[in-house]
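Listed next: structures, encoded as structure tokens.
Paired with subunit B in one complex and with subunit C in the other, subunit A is shared by the two complexes that follow.
== the complex of A and B ==
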């Protein structure tokens, strides 16, 4: 019996684990290896350059600005989709008529590809006939043709807003799932005790939504690290690399300049950042599990 | 007090400012306004696709059209390149979806029904694969498939999407198999069935909802993917639809109407999947996220 269990474990796990090891784990580890080489993407040979690539990171002005942009993206990703998602979930959960339709509307963007989302938002920011400038012109009754995506000051933030538009739906459904888990009796008691709506949200609902908040915040941060497609479509990291992120910078160095060794060094940094966040996330999840069961 | 207030609003009469409960109305108006703002981008694509480029350039994109212009759709649908893009994407998305679910089912079954010493750790390792940015495996995979001579074929995309799908599929299948009662499996084993028979004859039929969830999620993600086709394809014949969309944008640089029609056609399969399987979709997203 026990022996046959071992047989089945090996037989059933062999294929999935070897595919996973070959396509995910092995490349992950060899990224470290290539980080120490000067491979150019084409030639069969390359040299070991020691820590040169990693040393270069610190003197690379573009890497530094990409790192800062990534941090900015993460910071906004923690706030914007979370607060919006929570507000929408609370509003929809109040048994407003048409709730399911609203839910679908806010969730719909998630099934669109980043390419399509990026393109539509390019139209929203379009200086001459874009929706944003048209609204501003309508309100101020004055000519306005600011090129949101072509100005270094606003390009990154414009992309992050577009990204958040898509990310909000996911936060909302996670919060909605969290809200349905709150026992109705508890809220009734609050009402009987004369708690105001605000008190009820602040002291009962929000604390009980902590597990959902951990998930929403972690997913937002992790997904912001992955943000590449929408950036590629909307600004390509420009103008003048002002909206580059680490993922974008890694792509440019590796597949535009063919500095694959250096690109690997950047991907190692990305990996270490992601690993830190994921470890924090799993730790928080465990803590939440212990407190809330 | 609460009763009279609700009575007042139920009869629809505005009795006195104090008794009328304005909150449902305020909330509805809030949500309605937000919904319009949220729909505007999607609606913009729809509007652009039925307008001429001239109309859009004149600033008419965001107005309701007085007459529909179908020329954009005709232009896109009669372009043979678009047919190729759609076919390629399907040839990648369908097998990769099926393979990843298959592999995830095998792994999920072991992690749920045949745990071993250290299996929790292996499971955690597999699941964490879901969270890493793809850039961390980009270069070695590019080199691997380059050496194998598979660049500019559909194979690398099928293989990579299969592998990238293993974490979420394993996670969801394990969680679903956990709901299949153990005595059911033990009874079958006692009657002489082996694990393969238990998996295919008992566990899988019960798990069809989980498979539906995964099929919708995986298909949508793979269909919408942009990065891997960007890395692995070179010729126009091998491009997937999202990549084709970007390259055709160059071709029709200011033909916004055509771009809009193309975006809509490219999104149609995932929109259909979403609208019909929304429940599964949402379930998968929340399950994958919360139980991570």
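== the complex of A and C ==
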């Protein structure tokens, strides 16, 4: 009985494990491997260069600016979708008229691919007839044709706003689930004790939403590290690499400059950063579980 | 001075009326227990007193002030929930002082009052702990502490002991009774446990289908229930009911020597009510009926014998002292204490 159980366990695990190994573990190990080579991505021969690629990272001006952009993206990603998602969730949870319709509308961007979202926002930012400039013109009653995506000062932030617009729906849904999980009698205690709306949010709802916040922040940070597809559609990292992120920089180095070895080294760095964040996330999750679980 | 007054309270959800006009006067310092089966409206009534549920019509007064439409926090009440409703992210001290801190009470005073309350409830050593580090009984004490610190006119308890195990429930029951004596507070206590009701209450209010069936001292309700529902609800094991007929006051039932029991108002179909403790095994030849023992439950200090009779389709429950041995299959001569016999009219009213 036990033996046949073991057989089935191994047999049933084998298929998903082999797929996982093929599409996750193998490419991951390959990246590590190529990170130590000067492979160009297509030739049969390459040399081992040791830590040269990793050393080069420190002197690569574009890598540094991409790293800074990624940190900016991450910082805004922590704040914007979290605050917006929480605000929308609180608003919808307070039974505003049309709440369920708004919930669907705000969630809709999640169902779209980043490419579609990117293209929609390219149109919104379009200098001459885009929605944003049209609204500004309408409000100020003056000609306004700022090219949001073509200026180094605003390109990165414009993309982050578009990305946050998509990410907000997910945070909202996670927060709504968190709000549903708050026991009704705790909120009734607030009412009996005479807490104002703000006191209720500040002292009870926000602390009780900590598990949701940990998930939202972690997802935002991890997703911001992957900030590539929407960026590729909207700016391609430009103008003048001003909106380059690590993921974008890795792509450019690997597939445009054919420096697969160097690109792999960047991907290894990205992987290690993501790993650290995920570790912190699980550590925090465990702590939260101890308090609220 | 009346501590709490309910006048013709009604509650409807849409077209569906769940509380059909409740009137009640509660004196200062009284321990009132709302009791009744699930869905009878007792918890809804408590929530309306607290203000967490709106009243459809009628008037609620607390300390002679009309609070029918007042916000829960303005009613001078405090409530203890079945689930304890403690904030998991706050320490015991923070939970107890929650209301005071919201009201920006000076820190020194908050500390002094928290210590006072903790002292009363003997939880001083737990003040720095979090709810997850407490046992069920300790959590309930903290919840009571949060209520006491408000110094309210009326305490509302919503099935506070339901989540505790049997032994702890008895202990906490005793503590609540002691606390009531010490504080002299007015308490409205909701439970479906009739033992809690009987042991704690100054007066019991029996609810059924959104109306009050009877209000009175526990012993009065036990001895003189107003109707069949109250008679059946209070007392464990519950009262035996036997269908019978009466003609001009004389009760008739084949197989039960009951002709001598008279109830002037009884006529037609009636129900006899006999508590298990008011039946006994007859020592003499003269008995009221013979019954076969179907099953015996040994409870230690006593036994419960379930009796098959010719006149009742349901077995009758009889309490038997542990010194008397009763076996399954025995034929027993049974006598019924006539003075403690209950008779109910067809509609259920006590005769």
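Here is the rule we use: the second predicted complex is superposed on the first by the 293 of 293 C-alpha atoms of A that agree within 3 Å, B and C clash if a C-alpha of one lies under 4 Å from a C-alpha of the other, contacts with A are read in each partner's own complex, and residues count from 1 in each chain.
The criterion applied here is as follows: a residue touches a chain if its C-beta (ideal position, glycine included) is under 8 Å from a C-beta of that chain, and two chains touch if they have at least 3 such contacts.
Here the structure is a predicted model, which means the values were calculated and not measured.
Peer 1: Quick check for you: in the superposed arrangement, does A:204 touch first (subunit B), second (subunit C), both or neither?
Peer 2: The answer is second: A:204 touches subunit C but not subunit B.
Peer 1: Check the residue A:239 against both partner chains and state whether it touches subunit B (first), subunit C (second), both, or neither.
Peer 2: Neither partner.
Peer 1: Have a look at where A:194 lands relative to subunit B and subunit C in the superposition and call it first, second, both or neither.
Peer 2: Only subunit C; A:194 stays clear of subunit B.
Peer 1: Of the partners subunit B and subunit C, which touch A:183 in the superposed model: first, second, both, neither?
Peer 2: Touch partner of A:183: subunit C, not subunit B.
Peer 1: Between subunit B and subunit C, whom does A:134 touch in the aligned arrangement: first, second, both, or neither?
Peer 2: First partner only.
Peer 1: If you count the residues of subunit A that each partner touches, which comes out higher, subunit B or subunit C?
Peer 2: Partner with more touched residues of subunit A: B.
Peer 1: Which partner does A:26 reach: the first (subunit B), the second (subunit C), both, or neither?
Peer 2: first
Peer 1: Classify the contacts of A:110 with the two partner chains as first (subunit B alone), second (subunit C alone), both, or neither.
Peer 2: First partner only.
Peer 1: Contact residues on subunit B for subunit A in the complex?
Peer 2: So the residues of subunit B touching subunit A come out as 23-24, 27-28, 30-31, 34-35, 38-42, 44-45, 48, 56-62, 103-104, 106-107, 109-110, 114, 116, 122, 124, 126, 128-129, 131-144, 159-160, 162-164, 166-167, 170, 194-196, 199, 220, 223-227, 230-231, 242, 245-246, 249, 256, 259, 263, 266-267, 270-271, 273-274, 278, 281-282, 285-286, 289-290, 292.
Peer 1: Given the complex with subunit C, which residues does subunit A contribute to the contact?
Peer 2: Of all residues in subunit A, those touching subunit C are 183, 185-186, 188-189, 191-196, 199, 203-204, 207-208, 210, 290-292.
Peer 1: Under the touch definition given earlier, write down the residues of subunit A that touch subunit B in their complex.
Peer 2: 4-6, 8-9, 12-13, 15-17, 19-20, 22-24, 26-28, 30-31, 34, 39, 41, 88, 91-92, 94, 96-98, 102, 104-117, 119-121, 123-124, 128-129, 131, 134, 165, 170, 173-174, 177, 197, 211-212, 215, 219, 222, 225-226, 228-229, 232-233, 246-247, 250-251, 254-255, 260, 263-264, 266-268, 270-271, 274-275, 277-278, 281-282, 285
Peer 1: Using the touch definition from the top, list the residues of subunit C that touch subunit A in their complex.
Peer 2: Its residues touching subunit A are 50-52, 71-74, 77-79, 81, 83, 85, 87-89, 98-99, 102-103, 130, 132, 146, 150.
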